[in-house]
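In the two assemblies presented below, subunit A is common to both, partnered first by subunit B and then by subunit C.
Now for the complex of A and B:
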């Protein structure tokens, strides 16, 4: 096959748009790990619930999109607060128990999901149909919308964590929880907020990815695996690292797919990720 | 504590009495188990549910099976494979060794290779719902019957006809990177290369991981070869719809041909919208071919509140056909039944009269031969796609 420039440009565009979707999904995961060092295995299921909520509220129930999104934000926030208060708080600092608990939550949600939502694939009509053509490169509007949401959320999260008092408290807890408590930081409240925000980010990601793919209760598995890869390679807890790693994975997958075929591209992604970790064990922007 | 044990004793005694009070005929009726070793979860679940429902309808309609003077009620036991070879092996082992199941429908060319040794060892009579693979139906597997049109059959009879009808010149293939996809890619290539004299060429093939949702890179590679038809092979409806949607986003304006999967028009339309137009599907009836076909469709709609999955009819027919043959031969011995089944015909198939063929292609008369329809998707609905098909031996 003749590999020519427009083909590579299209591959690069697909890669960047796919990469930013990965970032969108991984953001909440990196927030919860970054602040509380909790590996939230239930993240993929919250993402699935966000997508299913769009299907049931917006598609089946006929609720307009804006109130649907608002409902998703509120519900995921409350769910996050409940999980933090009911499960994560009493296990804080106990890494293994937290892993077991979050895997358990993930399995419970997925099992209930299969019963409640059924096994048939569900679909959400696109929010913004059509294609944008830019210098001969074709960009689906729905992916551009999801990418825009991801950019806004990354920026918002960055401002929250690095430019606000709440963010300062989050970073203080991440650094040294005991000292932060002595300095008057309400660690429980900050932890609850971090988990709730992580849940909101996952659910919103699901809501914007919903029209791009089809939905089923097991849909959270693949994104969660990719998200783990991304936050580890990006540097655990680093927002900028997550963005870089997400884009890198997306571009490698897509451009690698164009150059060598989809099957080879999968191996290429993991080979490069291993190489990154060998050179920088803490990830691209992680602290050793 | 005493009171509780008394209550339990009374309940047990009552249960015993109720059991003994049944008429003697109820005790005389035995159970004949048929396995549905199929995916009922995951992306291919619709295929498995169709088979399960088809077998259950058939069991209801058969009522009682009389073999060797004894009466049997057919029980359909489902073993979920999730279209995963490992789970298929586990399900097969459970069916054969734990539950004593000797007959069943198994879905998937991708899951067949690891279970073929179990079939050979035990003589399990497999009504295979698997399009690809000469290794499935052949002289070495006398108890394996393929109850759907095979890839060889579909490509042999349809490729030239479709290409000529639409005046196409460049054919490409996109399939899953498993037994089914690799086999179908090879078979299609052979069929298209035979049309070289007519200026038709096979331009590219690409493969993807089952369950993938992003087909962009693979499609880009294919589209770079400027195909005017992409064969999308036997993936679930959701995957085919995503392929169509993403291909159109990348500027592909040609046709899609789907030979081996059973597609649901509404699901394609929901996911891909207008991008689903010009998907040509084989094995889809735009108009009901028989009265029985319509009756089963209506019955499914009434019972489950949704359209019948595309695998329902073939599963229904296969269950009834094999039950007929068991009854006629008067034995459950799978080898004897397989011999008799291979010689039989079945005029009551919902698609039209069916028989077994494929001796030349597979070396065994174990491939169902029956009318194969074609349809094309327009505005979310199947329309008949009339082509004069070739011959399959």
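Now for the complex of A and C:
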């Protein structure tokens, strides 16, 4: 079997660009996991709402892109605060109830989405047309833009978590909530902020992939599945692990897709997850 | 207790005697209710030991596809196929359980979820398994040369399978094995159980295998009922329905998942034509129960005391799961 090398390079590049977007979605999950110790199943729906908001505000409503993005950030922030206050807060410490509640929220958003948005697939025209040729690899500007935004946000999150007082409070709660509370950390406020930031990351990711995929209310399932695989491989709660695993999964999926086809690549990613679970159950960089 | 037994006996007699008088639509609802009740109780086996699965539909799909493929490609009798489907589901559960049951909590839920997605992806990708279109013309089983094409005959097959499965799962909970599972519910109690010589890993694996065996069994029967299976039948949403049945009914006893599955399935069948409203109603009921009725519907009779206690601020969450 002969493999066309540039095709492989192309797959690698696209894999990295997709991977960084996965990282963006998965990081929101990681952030929420650090505080609530659950994964938020509604995350994919927030991503979907971000993409849908671009369609309705920008494409249908004619609002320019910048105010649209601002609106998405503000709305997802408020939504995150509301969900944390209304649902998550009273269930703190009960992981099973928390996870199932997040599934319930996901189902509500999705079924309302199908009812309100309809089953018609929606498309968003490209933000930046054209293709960049780099070392024989052809990269759509669109994906470069999305990846660029993702890199900036990931870097921003790093700074927030490791270089600010709020980040210190987040890490303190993750480490030992009771002690953190005793030392005066307002755990509820930090939890609200983490959930809201996680929602914003998901919504922004959705907004930037809107021109790349066609939109429907079920579009959140694929990235959320990938994010779950990523945070398992990377280690729950580990930001660096999430970044590494996200890029790894993106590349595996893309290069695997070039070599063996898309469905087999899916299986390949899963096989990697199983292998990681066998060798290091806590994930690549997770703590046991 | 004897009142309960008498009520159950009356219910059973009614379930056997009344159907010939029922309309096909009522029979259809009854069949779906019975199937879902077994799924919910099968899931309860592991939920009872503190494990949450968002991937049981994957094992249902394995059972369904095994039997459907055997019947349509090789002409194997559906009766054998149903048994084979249960065994295949149990086999995969054993393999995955070896790896994932070491993990507690959300890790387990996520890996089972991912596995179920991959199962459906494989069925979708491989043409020999029917591809995206699935497998049509799955035959109904036959008794004494008569194929059970009507609702009535098939109803009795489902009834027999469901009653036997539920009876087994009910008795299982009261065995030493069943109580041991209860002791594995949290990390701390598991350590305690191990300290008195209980092989927790073996217990957990066996519980998961039993749970998935019954899912595979009912999945195969389900498939022969629908005469069809595709990668879009037993999806993530099917798995979440089973979790919803458990949570809405309540995890405190065997009767919780049963109540949840029967009530919600009967309700869901009424909303079936309304498209996404069924999923919306399920999810809203789920959220209301989780937030306002933490013990599920079976705790309703005891809620008055609980609410009174809450008013007196004696305890913040007085309702805890108590086994029977």
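The criterion applied here is as follows: the second predicted complex is superposed on the first by the 285 of 288 C-alpha atoms of A that agree within 3 Å, B and C clash if a C-alpha of one lies under 4 Å from a C-alpha of the other, contacts with A are read in each partner's own complex, and residues count from 1 in each chain.
Assume contacts are C-beta pairs under 8 Å (C-beta built on N, C-alpha and C of every residue); 3 or more make two chains touch, one makes a residue touch a chain.
Because the structure is a prediction, the values reported are computed rather than measured.
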Fit-or-clash call for subunit B and subunit C when the two complexes are aligned on subunit A: clash
Which superposed partner A:258 touches (first subunit B, second subunit C, both, neither): first
First (subunit B), second (subunit C), both or neither touched by A:101: second
Partner chain in contact with A:114 - subunit B first, subunit C second, else both or neither: both
Partner chain in contact with A:146 - subunit B first, subunit C second, else both or neither: neither
Touching partner for A:216 - first (subunit B), second (subunit C), both, neither: first
Partner chain(s) touched by A:32 [first = subunit B, second = subunit C, both, neither]: neither
Touching partner for A:278 - first (subunit B), second (subunit C), both, neither: second
Partner chain(s) touched by A:266 [first = subunit B, second = subunit C, both, neither]: both
From 4-12, 40-48, 76-84 or 130-138, the subunit C stretch with C-alpha clashes against subunit B: 130-138
Shared contact residues on subunit A - subunit B and subunit C: 114, 261, 263, 266
Complex contacts: residues of subunit A adjacent to subunit B: 1-4, 7, 10-11, 14, 18, 114, 119-121, 123, 125-126, 129, 131, 138, 140, 213-214, 216, 218, 222, 253-258, 261-263, 265-266
Of subunit C, residues touching subunit A in the complex: 50, 52, 54, 99-100, 102-103, 105-107, 109-111, 113-115, 117-118, 121-122, 124-125, 236-237, 240, 243-244, 247, 275-277, 279-280, 282-284, 286-287, 290-291, 294
Residue numbers on subunit B that touch subunit A, as the complex places them: 40-43, 45-46, 49, 177, 204, 206-209, 211-218, 220-221, 224-225, 236-238, 241-242, 249-251, 267, 270-271, 273
Residue ranges of subunit A in contact with subunit C within the complex: 33, 37-39, 41, 87, 90-91, 95-97, 99-101, 103-105, 107-108, 110-112, 114-115, 221, 225, 228-229, 231-232, 236, 261, 263-264, 266-267, 270, 273-274, 277-278, 281
